[in-house]
Amino acid sequence: MIFVSDNAVGVAPEILAAMTEAAEGSHLPYGNDVWTQGLEERFKQVFETDDLHVMPIATGTAANALTLSAMMPAYGRVLCHEVSHIYFEEISAVEFFSGGGRLVPMPGENGKLDPADLRRHVERGRRGNLDPEQPFVVSISQMNEMGIVYQPEEIARIGDFCREFGYPLHMDGARFANALAGLGCAPADITWRAGVDALSFGATKNGGYSSDAIVFFGPVSRKDVELRFKRSGHIFSKAYALSSQLTAYLEDDLWLRNARHANAMAAMLADRLENIGIRLESRPDGNEVFAHIPDDAVTRLRDAGGRFYPWHLFGDDAYRLVTSWTTSPADIDRFLSIVSASAA
Amino acid sequence: MIFVSDNAVGVAPEILAAMTEAAEGSHLPYGNDVWTQGLEERFKQVFETDDLHVMPIATGTAANALTLSAMMPAYGRVLCHEVSHIYFEEISAVEFFSGGGRLVPMPGENGKLDPADLRRHVERGRRGNLDPEQPFVVSISQMNEMGIVYQPEEIARIGDFCREFGYPLHMDGARFANALAGLGCAPADITWRAGVDALSFGATKNGGYSSDAIVFFGPVSRKDVELRFKRSGHIFSKAYALSSQLTAYLEDDLWLRNARHANAMAAMLADRLENIGIRLESRPDGNEVFAHIPDDAVTRLRDAGGRFYPWHLFGDDAYRLVTSWTTSPADIDRFLSIVSASAA
Amino acid sequence: MIFVSDNAVGVAPEILAAMTEAAEGSHLPYGNDVWTQGLEERFKQVFETDDLHVMPIATGTAANALTLSAMMPAYGRVLCHEVSHIYFEEISAVEFFSGGGRLVPMPGENGKLDPADLRRHVERGRRGNLDPEQPFVVSISQMNEMGIVYQPEEIARIGDFCREFGYPLHMDGARFANALAGLGCAPADITWRAGVDALSFGATKNGGYSSDAIVFFGPVSRKDVELRFKRSGHIFSKAYALSSQLTAYLEDDLWLRNARHANAMAAMLADRLENIGIRLESRPDGNEVFAHIPDDAVTRLRDAGGRFYPWHLFGDDAYRLVTSWTTSPADIDRFLSIVSASAA
Amino acid sequence: MIFVSDNAVGVAPEILAAMTEAAEGSHLPYGNDVWTQGLEERFKQVFETDDLHVMPIATGTAANALTLSAMMPAYGRVLCHEVSHIYFEEISAVEFFSGGGRLVPMPGENGKLDPADLRRHVERGRRGNLDPEQPFVVSISQMNEMGIVYQPEEIARIGDFCREFGYPLHMDGARFANALAGLGCAPADITWRAGVDALSFGATKNGGYSSDAIVFFGPVSRKDVELRFKRSGHIFSKAYALSSQLTAYLEDDLWLRNARHANAMAAMLADRLENIGIRLESRPDGNEVFAHIPDDAVTRLRDAGGRFYPWHLFGDDAYRLVTSWTTSPADIDRFLSIVSASAA
């Protein structure tokens, strides 16, 4: 009954197998190995474009902060949701990587940015007696911290806003696979086709060992990005350690299969909780369920080894339940039986 | 009819005289001159404490950002009002000086922080599923960007909150003299006696040439602060250039006399505007009047050479009128006559 | 014939086994797993002290730069050798992590710092008409970029200097195991007993997958260091990914066995090269041989798949040959036979 | 007998007069005043080009560090002399402003960079097994810390090197007027015509109150530079405070007249010291004399109120004597009479 997070479960066997295969051979360091050198081609296929650069990176925080730092000057600003991961849970990593930039927390229903709010914010600055206009970047999370997914056309509207004002658009895709599995569209539809310039592509939460990736769509100074990797200590001499994971992750749609399973388990969990009268914050778009659970049920669940975080954002009785590629219907049965007993 | 800002008017003759006197002699550089060496003693008298360190600095933005950077680690956070000068008008100076810290914009009536909001913010973090607890600094503006002054007991309540949590308290006093003149209390009453640890002490807006000061109450590493001055290019080899201004500013209560005059002119302006039916945002506590002026009056005023900023924060017909030590009743007469004509 | 670097070879099977074991289970994230929680105890045994903090980190550059940033203020300075890895091969990572600190390149025979030079540098600053005294950290590499090892008493003399002036002492131990295997002393003898305050403890180059560690001896603010990890994107949610490697690395002296083997292969390679008249830059203390190889031999070696870097530091005919835990006598036979053929 | 520095003497009356004139009027803030708006035109005339941007700045350290930060990315490197002011006397201001760049100290006779050394350094990096190639900026001082001046053709050779490699060239001109007065050429000849892209233009040391300027030759993002000013607290709301000084400084060749006088006094001092057998480090090119003075003479001079710094760089008996626009032949007479007495 581990619902604490999708990073709390084991590693997909296909990924472990690739890592092991890579680790048994010798490879020239710093990316001059077959795993790393084949990776970009795979991403090009997945994203249906040749105009793309990929760099593996060990953590999601580094992926977000390093990417954003490459998209703006040191005094730049990132328009992001006030409950986005970069603003709320990654300390001041963006401020650090950028050398003193600023995250601007924006409101927005369901954890989503609204182009109208973005426009208002920017135009107020332009008319302003106040703050002079700054170079902005916009960052959205797909899916976001409330477990909600942007529809392709919602992203496209933000992309249109960005193009109008000349701002780059970044997507935090720590749970990109879950978003995609829910939408059923092509990866390109919610990235470059909708105006996204750079993507933090998550794998760790969906079966990886510890590897995400940065994907730039369109022109980027690869040397600039590599120097940012190096000075932040994110170059792996054994580059295959990361790229072998990502290779297996994309092979035979493992990433989508894992995400579909996790999403299905979340849907099942949501249905069954609602059936017994547990109020949900919203219907899950991916693999996160936010539920209002009575105190006595929480106590019983914890006593039985249940692991999950309170989510005060939604109230004192709110909890986040995250499913993963390892969640089984039996886990859900067990969880429900304990909650029901208590609800009864 | 210059109401654009109190930094748009000339320099007080007493200050120019002191600058000239200093500039005519030879002085060892880097503060080894009589003007700089006598300065701390004057501040100790004004603030009624020996436990104080003063360092002149050329601009208010530098005063705020450098001081805050000395009060927190590079990943620290500053709780400040969402319309504070440091958040709204000084770009990311604090982020730059601190090496990647963050300003946390807080709401609050009349531009004032409320200890209850601060407590809620901090406790949410402590309980949090979200952002781990950070080292915080609290920063308030006296008077603030809405022209409002904190009462001594309001500051003391914020000071109590800071002591309870172990956070330092900073005050942006760009218009400290105007606040003080309005309150009629002792400088100590709204600084160290109320729990303020460091003050950005403004002089430029109140008759100075270009000099403010940083005042630390209580222990501080002077060497640390001086190295921060040096690496940000804020050490003046001709230190007397700043300290002579500040010396004259404090002499014979020049600072308070100038501020009282500016405040009295603002009160007169406010009274007379209200008398002819112009709506004010609030009664001025200091030398700033925020008024809702009809478009035709604005046009006439500008045609007649009137200078003042729109203040969109309060609406499309809102304007900020700042009085200064140079504002005369005749200026106000003229302003009113033009507004009245139009209102008629 | 991979002599390009010890990071160009595969991963030790014992380490892969531990990683696999860890990856198959569920673990609470962010270090709340058995692998991570047991790690500090193992380091305490290895280093014979309880006064020690360990934090796994993915790369050596991050280990060095993050550690140094925690040992000095943002305007601090690191006295290091002019051919140290931190100065010569890690770009400006220290400058980045520290927020603008400076590395001071020092000369020194055999890539070693000499306490007399350190003293001269510091005293010149103290007497100086020039740069005011800065807070310093001293950083040494064990073993260093020239393949040379500090004797315990040499480190102790640097440690004494540091204590006299109040400077912390850091050791870059990317090849710490190789140094130790060469010296045959206890880990404590070349670290805390000799005055070292913090150690970048390498594992990647000696059979690891991709994991090093930071070891602080004596008091340190763990929270400060953790926040530095987080803001630089070096917190692994799956902390076991790193700690499982380190656990296996220390188990049954794997680290020392691997290092002893690599060192023995380097000694054999050095002996045999000298026997056929190839000049070495110095006798290898660890697993690096710097040899002056004729051009024709280099061509033949490369044609036969030999991989190694030129090392211009020692001249145009100088090459670095790095042995590892995987190097076999057969590799050396083959290398020698090709060199000999050419020398003949 | 103030020879401690040219920043230890008073302010030129012409400059004080302009400051006073400016300070007595009202001016729109942030550069919208006649003094600031006319400044660029004056610089265009002085430098014989329209392709130039000028921004006044309060200190030389800020001028250097801010300018260099605008000429390179955060991970850039500045090739500078090992006894340049930016490396030796301005702490880590460049590292701070750039967000973690690095100063690379280079040797060079008489405090001058040699293009051959620059080439060697850069090419070693290019061939290197070591540090990957970085974006470089070159910075030279005119005149330099050893009181020596670059000839126009020496600068042009460095300029040629920079153009070949695509590196920008910066000049620290804290004593630019003294250099120019010594050379007798046009300002353009030692700046843009010789390949200089940006100049820190000093005025404070040559009669200013406290103001230098940054001059960019050729294209530059003015907005980028202004945002760097703002976030480092170097925007003066009363911009005329700086620009009035610079206006008077350039009027009627005041800057050159002051510098010629200071240089003439240095030449006289040097001649007379040599005449009585005092060894000089070199013939002065500008207004700095480095002399080896016996201990007893130093004691007598100090007892008589003489002020000057020891200059350990040139040995334990070396002293720096700086003349200024206020130095009189009588000062030199008195200095010499005391030295002679003692030498006798």
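Think of it as A, B, C and D in the order they're written, each chain with its own count starting at 1.
Assume a residue touches a chain if its C-beta (ideal position, glycine included) is under 8 Å from a C-beta of that chain, and two chains touch if they have at least 3 such contacts.
Note that the coordinates shown come from a computational prediction; the quantities given were computed from them, not determined experimentally.
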- Note on the structure: Set B-C beside C-D; more C-beta pairs touch across C-D
- Computing the C-alpha centre of each chain, which chain sits at the greatest distance from chain A? D
- Query: What is the distance, in whole Å, between the centres of chain C and chain D, each centre taken as the mean of its C-alpha atoms?
  - Reply: 42
- Query: Roughly how many whole angstrom separate the Cα centroids of chain A and chain C?
  - Reply: 34
- Item | Averaged-CA centre spacing for the pair chain C and chain B, given as whole angstrom | 51
- Message: If a residue has to touch 2 or more other chains to count, which residues of chain C qualify?
- Response: 74-75, 91-92, 95-96, 99-100, 132, 134, 227, 230-231
- Note on the structure: In the complex, the residues of chain C that touch chain A are 2, 4-5, 7-11, 16, 19-20, 23-29, 57-63, 65-66, 90-93, 95-97, 204-205, 209-210, 227, 230-238, 241-242, 307, 326
- Query: Which of the residues in chain D come into contact with chain A in the complex?
  - Reply: 73-75, 99-100, 132, 134, 224, 227-228, 230-231
- Spell out the residues on chain A that touch chain B in their complex, using ranges where they run on. 74-75, 77, 88-89, 91-92, 95-96, 98-103, 105, 124, 127-132, 134, 309-313, 320
